[in-house]
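What follows are several structures.
You will see two complexes here that share subunit A, one where it goes with subunit B and one where it goes with subunit C.
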Partner chain A sequence: MRTLRLGPVVGVAAIALVAVAVPVLPLSNPTAMDIMHRLAPPSAAHWLGQDGYGRDVLSRLLWGARSSLGVAVAAAGLACVIGTGLGLIGGYLGRGAEFLTMRSMDIVLCFPPLVLALLVITLLGPGTATLIPLLALVYLPGFVRVAYAGVLSVRNQNYVEAMRVLGAGRARIMLRTILPNIGGPILVQFSLAIAAAILLESGLSFLGLGVVPPAPSWGGMIAAARATMAQAPLLLLWPCLALSGTVLLFNALCDAVRDAVDPQRVPRRRGAARVLDALAPGLVAAGGPVLDLCGLTIEIDTPAGTVCPVRDVSLQVHSGEILAVVGESGSGKSLSGLALMGLLPPAARVAAGAAWIEGQEVLRLDEAALRRIRGRRVAMIFQDPHHSLDPVHRIGAQVAEAIRAHRPVSARAARSQAVELLRQVGISDPERRAAAFPHELSGGMLQRVMIAIGIANGPRLLIADEVTTALDVTIQAQVIALLADLRRARGMGLLLITHNLALVSEVADRIAVMYAGEIVEQGSAAALLARPLHPYTQALLRSAPGEDGSLPEAIQGTVPSPQARPAGCAFAPRCTYRRPDCETAPPPLVDAGGEHLTRCIRWYEVAASVRSAETVA
Partner chain B sequence: MVWVLKRVGVAVLLVAIVVSIVCLAIRLVPGDPATLLLSQGGVAPDPAAVAQLRHQLGLDQPLLVQYLASLRGILHGDLGQSLQDGSSVAGQILQRLPRTLELIGVAAVLALATGLPSGLAAGLRPGGLFDRAAGLAAALGQAVPVFVVGTGLVLIFAQTLRWLPAGGYVSFAEDPVRNMELVAMPAVTIAFGLFSVVFRMTRASVLDIARRDFVRAARAKGLARRHLLLRHVLRNALVPVVTVVALNLGTLLGGTVLVEYVFNYPGLSGMLVQAVDARDYPEVQGIVLVISVLFVSLNLAVELIYAALDPRVRRA
Partner chain C sequence: MSPLLVAEGLGRDFAARGWFTRPRPVRAVADVSLSVARGEAIGLVGESGSGKSTLGRLLLGMLAPTSGRVLVDGQDLARLLPSDLRRLRRRMQLVFQDPYSSLDPRRRVGAQIGDGIAIHRLVPAAEREARVAALLAMVGLEAAHGARYPHEFSGGQRQRIGIARALATGPDLLVADEPVSALDVSVQAQVLRLLADLRARLGLGLLFISHDLAVVRSLCDRVMVLYLGRVMEEGPAAEVLRAPHHPYTRALLSAVPSLDPQHRRQRILLAGEPPSPADPPSGCVFRTRCPWVLPACATAVPPLRPVGDGHRSACIRSDIGEAGPLVAQRLHDNTTRQHEQERAE
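Right, the complex of A and B next:
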């Protein structure tokens, strides 16, 4: 549980304290009339004046707090205890109990709360004795549902299973393991119920059907003050303020509790200005590669300070070429791809670097200019196709929409082009599939749809970010093969981001290996696979199952988090070639010949070890 | 299709249970309900009157006979006679229900017209100035009871400024301008509370949707911002908003009680309060029945609309 905001807690505590302490405070009798001084203005004896019967307003206000809160807390408490109990029983004791509790709550929910209250009051008459069980009944379903949902989510978790295996009884399991786990939501529901009960109680009292006059209650005071509203509008103000203020505080407490128990709460984002300098003239690369990325550095603001998940990354992709960017998760490869599209998450920003796509610099573009580039010159396909398509629109419409975003074609023409695109990416029966919703297609099929969207406007560069990770192994190779074919047919550059070196080794022209936000090795696929010059690449190759059936070797340790980067080589802590001088300064990226780059000061020995291993074999 | 039939079946079953509960509730009261209904301020009622009421309510007959008689009446659209003037309860309800529906309809339009755009704007820039201002308004709308808002409006616009009449009702057919004047304040009062619901739900929903992968993928297509917001973000965010608004409208069927009372508006729930005050059980029973049945039907409609908005639900 995180820290609770103090404001609402203190406010609610203060009101509760007043309500408890009212009997011992030196107040006038709240029901003592003084007709001679009816509607008297505030005086030393009566700080807030006197009402239509000459009764002390302050005293009635504070006693009103006691009755309102008393009824609300009692009702919410009753509902909480019974409702949580029923929910636990319904969730834990199997089908029959579940059906009974949940269905009976559905019946309670068939009546709007105020209507249910009025029906009961007609039969039983007004008064506190009716009010508390009545309000408890009204708010019962909320607790039952929260407790029931909580049990369902906790029921099958490992530790509950473990307790059952250890032979713990059902009652014990419910009380000791499940109850503490659903405590947060129940607490939220409790404060919600109190606020709602105060509102309902005051409404009924306002109608004269809740707390019975002359007993003081805020709703009753407002109703009485309405009669004299022309002469003494202030009489209306005090109970209105007290009532609204109290409910406001309880609602705020509710939000505070919810925030405190919500494990997924994200800290408020900070507005970050783009810090990138303008480009110096004369740097524009013309004619050359489809993508020329120079010195990309990305920063992210975290509560612990600014971190650099991507530093000084330079890449080139030529038309018709496949560059595979390989690395473990957290190596910064996906962020680099997103930066090229101008789609970095809000907390991240480009701190340095430049990227030319067909000669146009894209890291410094504003949103409008980026929009014209996205999907037209450079397109991106994402990891999880199930979540990358809008669930409420048909497949064909989502492809057509990509076409119409950049080309002035009619809706009808876009639709027929969309069907043609679906055919090109190997979707059988594309007319029928175009009319389907995303949830009706398989993952592999959806990823083909995403590829169709990607190539819809003939981009020069296609970024494919872990496009096979969410797919079956058998589908993975098909999707990669499709991408490779499309690249060849359309002459576009393909930036293939993946953690799976084996998968891309057959299709990639060049490979860049990333580790902890940096490129550690880059070269032609043939050279890099045959003669890896960085210990990390070597380890990656060994971690894939060999073709000869040899067992994969896991890489020891984990990628250092951006907060805890080593002073020297980032891979040093996991490296078998490590020497003391590896840990003193970050190694530079050096050219080992033939445009084969490596960020290892001992690359020569690494290469030698490969050769000697081959000799031995 | 099976799914729709199943939902309709459940709704019919719920209606049957609700009708039974309302018909039998009077039997659950401890003591003699007829005596209770006729008791005024602790004075014992006239035994002859009690006997007559017992006969009129069917309390002198066996439970099953009374229950079946009530059911037969309901199926024929007969909800019994008012204890106050002997008039037909069903007739009175039919006269008053449209007025309450008009009030709720106008309030819903006002709340959606303000809540949706402000929720979208706030959700797109959480923590911004607009978000905080609108959030404060929504917090007030949630906390300040309707009868306080209504009384405040009467004090300002009717008593002090004298721009609008304090209360009453004239049908639209009779005098459209007067009708609007009279509906304005109660509708705004209800809309204020409903605005909070629409705003909060839209904001939370937009915040959630804007984070989804498919929005990023849609941005990657290079869609225009307007298109992205309307077709993808708002369209998806609408699903929970529509659900919550519709459920709240159902609650409003009974929740207009306080507003109708404050503005002296002769709608259905005003009639309910009056009936409760007069302990006119047949009237209370009839109104509760109509409201609850409408409520259940509305919930059913919500589920069907939900399925229409979200294609994934249809399969389940």
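Right, the complex of A and C next:
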């Protein structure tokens, strides 16, 4: 459990304490009249003055809190317990239970709350004993629906299935697994119900149907003050303040509780301003590579301080070339790609560096200028095509939309170009498939559609981030072959981001290996695969399943988190070549010859070990 | 040794709901027979939608078969009372593919690992913590990790936690449903080694589901290749991968990327995607994508026939060794067109 925000807790606790302690507080009798001093202004004996019958306003206000809160909390609590129970049963136990609970709630919902209240009170007479079950009934459907909807979204999760596989009974699954996971929305509903119950109770008391006068209640006080509004306007103010203040406090409390019980709550983000300085003249790259990225450094503000998930990354991609960026999850490769598109998440910002795409610097562009470039000069394709496509539009229309976002073509022309693009990405029968919705196509097919959208405006640079990770091996091979063909046919630069070195080894021209936010090795694919010069690359190569059917060798340990980077070489804790001097200072990226870069001070030992392994073989 | 688990002629249909069309059943698994012995590792391979997970759930008794039966120690799962089935769950456990959604985000991982122990009252409550610590150690984590929440772990660590949870009840059989395909290659190796080690140490029967033949080869004794819910080929892992008989197995194997340029095979790029299981092709279900298809392939479902020692294949041809994929590709284009025409008519 995280820390609970203190403000709302203290506020609600104070109100609750007062409501509970009212009988023992030194207050005057809330129903004792003093006609002589009716409507008297505040005085030392009566801090908030006296009402139309000369009764002490403060005392009535606090006793009113007791009755309002008591009724509201009891009613909301009753509704919460019964409603959550019914929702769980309806959602988890199947058809029959579902029908009974949900339909009976629909019947309750047919009556407007006020009509229902008037009906019940007419039958049973006013008073607290009627109010509590009545308000509980009014707010019951809300709880049932929230709980039911929660169960529906949770019950097919793998962790619920895991409990079934373990042999857990239904009661255990409902109480231990499902209930905690739907607790957040139920708490919110609870706050809403208390606040609404306070209001409805006050309304009914205002009408004389709730708490029976002369017993004090906020609604009754408002009703009485209305009659003397002209002479004593303050009398109206106190109960109204009490009412709205309490309702607000309850809402704030429940927000705080919901945040606190969520173990993976995202800390509030601070707005990130761009802090990049302008480039010094003379630094401007012209001509040359499609992408020239220099010294990209990204910072993220976290509650524990600023971390640096990408540091000093420099890359170049030439037209018609495939550069594969390989690294484990968390190595910063996605963030680097997103930075080039100007799509960093709000918490992250570019702290240093420059990136030229066809000679134009893109890290310093504003949003409008970025939009003109995105899709046109540089496009990006993501891992999960299901989340990248709009489920309610036909895929042909989505491709056409991408074309029209950048080019003034007629809808007709865009449609026929879209069909042509679908054909180019290897979708058979594109005329018919263009009319399909995303859910009608398989993952591999959708990824082809995403590629069609990516190349729709002839970008010079295509960034593909883990585009095959969600696909079958057979489809992976197809998609990689397609990307390689397209880059050749269109002469674009392709930045292929992946964790799977083997997958890109056959198509990449050059490979950059990233580890813990830094490039640790970069070189031509042939050289890097045959003679890795960094222990991490070597370990990666060994961790791929071997041709001989032996078990792959695992790299011990895990990637350090950006919060806990080692002082020296980031790979040192897992490195078999480690020596004491590796841990003193971060090793620089050095050229080992032939544009083969490595961030290891013992690269020659690594090279020697490869050579000796070859002589043995 | 008597097998731990035997499946006979297992099949499962799902009712497909169509709004305007006549509903037709989707045959997710058809006529699968297999047995798993104690300590044996069987690999189940196929593309997405080939029925691997359904088969895994059928074998665990999480799903009722529409035909055939599953015997665990000679008892038919379908005939057990629900309470007996729950008790039997102790002996058969599942490891999920997605290490993120398979752990309850709101409970500490130690409590989740202890669930199985609590449900089956395996050790007194006082000793449960020590047992959880032992399980964490078994999968290479520290006891202190038990007090953390799932989101504090990386994918590979979460998968270890999932494995520890499955091991908590002391199962004889572990069904691992794509346990490494959501993980980075470098982390896959760790989890594969862990599974291999546990299998050797605890004598676990292992049903390892994957779409990646390379991963299966290093871990399994036998493999079974599924396509559209049907068994295409099965046999000893080394044998099947060295000399695959069925065209589908060959295609799968050739799609595996290789780091070693000398081992790079001629790739059989399968065109298109598997057909819909609601509307499988007649005869051999693979014929719409098979580079070696013959007219005879459309007439009858090829039976699984022996092609080696314990090695069976459901392909009618035995003469494929020489025919190059290029020739085959042309053949294939013709038949795809043919099939699409048939369907259009």
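Operating definition for what follows: the second predicted complex is superposed on the first by the 486 of 617 C-alpha atoms of A that agree within 3 Å, B and C clash if a C-alpha of one lies under 4 Å from a C-alpha of the other, contacts with A are read in each partner's own complex, and residues count from 1 in each chain.
Basically, contacts are C-beta pairs under 8 Å (C-beta built on N, C-alpha and C of every residue); 3 or more make two chains touch, one makes a residue touch a chain.
Not measured: the values here are computed from a predicted model.
J.: Figure out whether A:Thr177 sits in contact with subunit B (first) or subunit C (second), or with both, or with neither.
T.: Second partner only.
J.: Between subunit B (first) and subunit C (second), which, if any, makes contact with A:Ala129: first, second, both or neither?
T.: In the superposed model, A:Ala129 contacts neither subunit B nor subunit C.
J.: Contact-wise, after the overlay, does A:Ser244 reach subunit B, subunit C, both or neither (first, second, both, neither)?
T.: First partner only.
J.: Touch test for A:Glu553: subunit B only (first), subunit C only (second), both, or neither?
T.: second
J.: If we overlay the two complexes on their shared chain A, which of subunit B and subunit C does A:Ile35 touch? Say first, second, both or neither.
T.: Once the two structures are laid over each other on A, A:Ile35 reaches no partner at all.
J.: Is A:Ala435 in contact with subunit B, with subunit C, with both, or with neither (first, second, both, neither)?
T.: A:Ala435 contacts neither subunit B nor subunit C.
J.: A:Leu25 in the overlay: touching subunit B, subunit C, both, or neither? Say first, second, both or neither.
T.: neither
J.: So in the superposed three-chain picture, is A:Arg164 touching just subunit B, just subunit C, both, or none of them (first/second/both/neither)?
T.: In the superposed model, A:Arg164 contacts subunit C only, not subunit B.
J.: Considering only the contact definition stated at the top, list the common interface residues of subunit A for subunit B and subunit C.
T.: none
J.: Using the touch definition from the top, list the residues of subunit B that touch subunit A in their complex.
T.: Residues of subunit B touching subunit A: 14, 17-18, 21-22, 25-26, 28-29, 33, 36, 126-127, 139-140, 142-148, 151-152, 154-155, 159, 212-214, 216-225, 227, 231-232, 235-236, 239, 250-255, 257-258, 261, 269, 272-273, 275-277, 279, 281, 284-285, 287-288, 291-292, 295-296, 309-312, 315.
J.: Tell me, which parts of subunit A touch subunit C in their complex?
T.: Its residues touching subunit C are 157-159, 161-169, 172, 176-177, 180-181, 183, 261-264, 328-330, 428-429, 442-445, 471-478, 481, 499-503, 505-506, 529, 539-541, 543-547, 549-555, 558-559.
J.: Per the contact definition, I'd like the list of subunit A residues that touch subunit B in the complex.
T.: Interface residues on the subunit A side: 106-107, 110-116, 118-119, 121-125, 195, 199, 202-203, 206-209, 219, 222, 226, 229-230, 233, 236, 240, 243-245, 247-248, 251-252, 268-269, 341, 343, 367, 371-376, 379-380, 382, 384, 387-393, 401-402, 405-406, 437, 439-440, 450, 453, 456-457.
J.: For the complex, give me every residue of subunit C touching subunit A.
T.: Interface residues on the subunit C side: 47-49, 60, 62, 86-90, 93-94, 96, 98, 101-107, 112, 115-116, 119-120, 149, 151, 154-157, 162, 165-166, 168-169, 184-190, 192-193, 196, 211-215, 217-219, 237-238, 241, 251-252, 255-261, 263-264, 267, 269-270, 272-273, 340.
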